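The data blocks that follow each hold one structure.
Both of the next two complexes hold chain A, though its partner changes from chain B to chain C.
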Partner chain A sequence: MARKLLLEHINVPGINTLDVYRQKGGYRAVEKALKTLTPDEVVEEVKKSGLRGRGGAGFPTGMKWSFLAKPEGVARYLVCNADESEPGTFKDRYLMTYIPHALIEGMIVASYALGAKTSYIYVRGEMMPQIRILERAIAEAKAAGFLGKNILGTGYDLELYVQPGGGAYICGEETALLESLEGKRGNPRIKPPFPAIAGLYGCPTVVNNVESIAAVVPIINDGGDEYTKIGIGRSTGTKLISASGNLVKPGVYEIELGLPVEEFIYSDEYCGGIANGKRLKATVAGGSSVPVLPANLTLKLANGEPRLMSYESLSEGGFATGTMMGSGGFIAFDEDQCIVRNTWNFSRFYHHESCGQCSPCREGTGWMEKVLHRIEHGHGKMSDIDLLVDVSRKIEGNTICPLGDAAAWPVASAIRHFRDEFEWHVREPLKSQETNYGIAKYAEPIAKAEVTTDN
Partner chain B sequence: MLKVEEQQPVEFSPALITKFDEISSRYPEGKQKSALLPMLHEVQAELGWLSAAAMDKVADYLKIEPIEVYEVASFYSMYFLKPQGKYTLEVCRTGPCCLVGAEKVMDHIEQTLGVKEGEVTADGLFSWRGVECLAACGFGPVLQIGPEYTFYENLDEQKVDTLIAELRKK
Partner chain C sequence: MSEKVKVTIDGITVEVEPGTTILNAARQIGGDIVPPAMCYYSKLEGSGGKCRTCIVKVSKGSEKDPRPMPKLVASCRTTVMDGMEVQNITSPEVMEARAGVVEILLINHPLDCPVCDQAGECDLQNLGYEHGLQKTRYEFERRTFERIDIGDKIQLHMNRCILCYRCVFTADQITNKRVHGILNRGDHSEISTYIQTAVDNDFSGNVIDVCPVGALTDKTFRFKNRVWFTKPVDAHRDCPTCSGKVTLWYKGADVLRVTARKDIYGEVEEFICNTCRFEKKKTDDWVLEHPTHISDASVISSNHYETMIPLPVIQENLRLQEANKVELEKTAKF
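Entry: the complex of A and B
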């Protein structure tokens, strides 16, 4: 069995309460950090661990912490990004629902490391049940002396609050989140200045994903070096993967980074294979924003070696033959799913969620949705396919925040790998309304000559 | 559609004002505008939607301009700017849920309730709409019902029938 650091006790009855959480070793990291380590030593352990941001960008957490400005007399903030909205991703909801104290404990340790006296957990508004769970957990922790004034007699003060969002994907982008936390529309800010210099209320701020903060707890308990013993290369530790789509056992799994993708999909320890005895056609490995891959490139690299669940292996081959780890939202498509329909669905999502600030994204996402809608519904033209590629290129890299790239990549990658399915929709407008293109050659071993690097 | 007087005056309950005070205390002095989003959720939970009159009262409380409230309420998808049914069924319509049958569930809700997306049933009990990813993709199709945002997972037509029947009896 693989080692579990975050979900080890998930099935223990009452693990959502402080008492049971403590019986299982909970809040040891708070005791250890506040009583025996300086804030800088905590940062150092996290740096040593190689932990990379679990929200999607994969930026080293310890390094992000070390960038925090510390001017005299200015408040510093830690804000937890619990605005989990990336289609295919549901690990943070799971963690907060079942082990809320893992997040609270991580927040205390991380706030101590950063010198924050007030910290916020920004939870997407739809997760009202999770907001109440977290508020109850905070009250328990406060009653036990882990929050509030003079925590455990160390002289360190910390208040922790839960902030609900209003239902906007864009608030998962850290500067939009800060705008929202200030009571404004979630329009991303132009960077620089980065939040580490001017974040919440213009003060130095660190924004970290739920899973990144929870991972700080085992790192402090066992040491950063111990954490690097799990995983592969620069992909250290464990990662929560949200598995959805046409799988026998969809759900949240904690994996050791480096697990072969094939084992993750087909072994009984994880997803148990494709549902209803069907075959795998394609996957989106890291949340809707990352490139979609056909089955053959999901399981194997272009050179025929097995692909692994790690930051490096998933992106091996660049966008020509690879994808990204992203948030770990793993979506599996069986042989009867239509790539064109799903691409249209995702484009509608990005159009709906564009904040409207940058014209390439505001207008481009709308165009992509419209053009994909007409191809999917039998009114497409052959030139529409290149038009989509053209629009996606004009969005990518031309917006304030990464939502533009996130909207462009699914479309560009779907056409890169599934162009014949798009062409079939145009050639067979009536037939494509009644049946689907099927698995075609997408699960067959890939010949090197077929790998193209354009678009 | 329900008919309402847009500028109908609204009263906030003493409990709601107490809640406002508690929320405002979470932020540093002078940064009380941060309370806006949570306050709007509380108002909507009490009144069912956000009328202009209700938003104006929130602006008064926070000592900000009404436009600062309107622009926020219209930006975020959770705030209702017109009256809804007593129960609004919000079904996830994004990719992963559609892979496992969300479109069928939405069609079935539309037929069962006899109203289109965004409309309210004649008895004022129900409305429904498709919403974007609710972060429960492994348990889809899913729907939620405010103001508690009670969550229903692994839906099919039969489960939807049972749910609607239960809500009618309440």
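Entry: the complex of A and C
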């Protein structure tokens, strides 16, 4: 069995309560950090651990913390990003639902490290049960002296608040989140300045994902060096993966980074293979924003070596043959799934969620959705396929926030790897309404011809 | 002030204060190399970054870190570094990307210029002429909104809006109480007032002047005439509320419209009050100064669409030719 750092006690009855959580060693990290370490030492430990942000971008957390500006007499904030709304990603919700104190404990340690006296957990508006769970956990922690004034007699004060969002995907983008937290329309800000310099209410702010913050607890308990022993290369530690789609056992798994993708999909310890005895056609490895890959490139790199669940291995091959770790939303598609339909579905999401500030994203996402809708419903033209690639290029890299890229990549990658299927939809407008294109050659061992780099 | 920084745009070098944006540095140079700006407005804090028409290529980051920037950047929101080198109209990549932005801005635009009061002084129309494609590749119904009156003087024609946010910033920054903003999200965003409250305060009329397209128009001028048939004259009056410096738009002996005075980038010099704009439409109200200077490239000076030439490109500009001699020779060779 692989080591579990976050979900070790997830099946212990009552682990959502403070008492049971403490019996299982909970809040040791708070005691250790506040009583024996300086804030800088906590930051140092997190730096040593090599922990990378679990919210999508994978930026080293310790480094992000050390960039926080510390002007005299200005408040600093820690904001936890619990807006989780990416299609395919549901790991944060799982953690908050079943083991909320892991997040609260991480928030206290991280706030101490950053010198924040007020911290926020910004939760996606739809997650009302989780909001209540977190509020109850905060009340318990406060009653036990882990929050509020003079925590554990150390003189450190911290107030922790839960803020429900309005349920917009864009409010997961960190600067849109800050706007929303300030009570404004959730439009991403133009950077610079970055939140580390001017974030919430213009004060230096760190925004971190739920899982990044929870991971600080084992790092402080066991030390950063211990954390690096798990994982592979620059992908240290464990990672929560929310697996969905046509799998025997979909769900949230904690994996050691570096696990072969094949083992993750097919072993009984994890997803248990493809459901109903079907074959794997394609995967989206890190949430809807990352490039989709055919089965063969999911399991193996272009050079034939096994692909691993790590930041580096997943992105190996760049856009031509790779994808990304993203937020860990792993979606598997079996041979009966239609890539065109799925691409349209994703692009419908981005069209709906674009904030509309910058023209390429506002207009381009809608345009792509309409063209994809047309192809999927048998009214497409051959030229539509190149038009989609062209529109996606106009958006990519030319927007205020990365939502534009996130909308462009799934479309561009689907056409890159599944062009045959798109063309079939155009050529067979009637047939494509009744049957699926099927698995074609997408699961065949990689032939040299598969690796095209032209778009 | 700290030392000036040097930046080179399309081969022309200029020294500017640190913290200046690429766009403003380009405006200091002036001429054809100034990127078009549809959302940035120098008088409005926080504006810019949205429309993406002002994108440029930074081919050298700075003296210290000469690496080029990986993507095209919005020149209105990117500050210059010492030794930075920027390409605007000398970069085919930029021109292509800008044409892409223009195409995107036009896909949902009604293209109702023949009945639009902004025609002739519309930034989007000008951009479309310069960069537009002959034919749109967008084959879907364009989004439509109902026209709404916001108060008795201003009409909002949301179909034409490019969501530049200028009017929102204007109302936020120069009127006491902003009553309009953006509702909804993405391509169904719309400028609106809260339950159609009338926009009503002394300076609200300025949203008409900052609007780069015909989305916010002056109802008192609506359909009276085409701007290129009117004659602009600068005038002033002693106004207790604003500077009283305006442009009067004459047709024959009648003042059809009053606007703030605009600079060569289409920005108002000073915001004016609603009394000057909407109530003072007689020559007697004003002290006339002189005919307003209008750029040669504008249809207003040419009076006809036909003479509206595309803005001169490098080949017709001696200064640019000189600055880019090497590059041009290179291109000529291939």
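Definition applied: the second predicted complex is superposed on the first by the 454 of 455 C-alpha atoms of A that agree within 3 Å, B and C clash if a C-alpha of one lies under 4 Å from a C-alpha of the other, contacts with A are read in each partner's own complex, and residues count from 1 in each chain.
Rule of thumb we're sticking to: a residue touches a chain if its C-beta (ideal position, glycine included) is under 8 Å from a C-beta of that chain, and two chains touch if they have at least 3 such contacts.
None of the values given here were measured: they were computed from a predicted structure.
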Contacts of A:N209 with chain B and chain C, given as first, second, both or neither: neither
Touched partner set for A:N436, first chain B, second chain C, both or neither: neither
First, second, both or neither for A:P164, with chain B first and chain C second: first
Residues of chain A touched, compared between chain B and chain C (which is higher): B
Which of chain B and chain C A:S392 touches, first, second, both or neither: neither
First (chain B), second (chain C), both or neither touched by A:K370: second
Touched partner set for A:T321, first chain B, second chain C, both or neither: neither
First (chain B), second (chain C), both or neither touched by A:T61: neither
Touching partner for A:H352 - first (chain B), second (chain C), both, neither: both
Touching partner for A:R362 - first (chain B), second (chain C), both, neither: second
Common ground on chain A, meaning residues reached by chain C in one complex and by chain B in the other: 168, 185, 352-353, 355
Touching residues (chain side chain A, partner chain B) in the complex: 75, 84-90, 92-93, 118, 124-129, 161, 163-169, 180-186, 201, 242-246, 250-252, 284, 288, 329, 331, 333, 337, 341-342, 345-346, 349, 352-353, 355
Chain C contact footprint on chain A (complex, rising order): 168, 170, 185, 190, 351-360, 362-367, 370, 387, 393-394, 397-400
Contact footprint of chain A on chain C as seen in their complex: 48-52, 55, 70-72, 74, 77, 97, 100-101, 103-105, 107-108, 137-138, 140, 162-163, 165, 181-182, 184-189
Footprint of chain A on chain B - complex, ascending: 26, 28, 31, 33-38, 40-41, 62, 68, 71-72, 75-79, 93-96, 98-100, 131-140, 144, 146-151
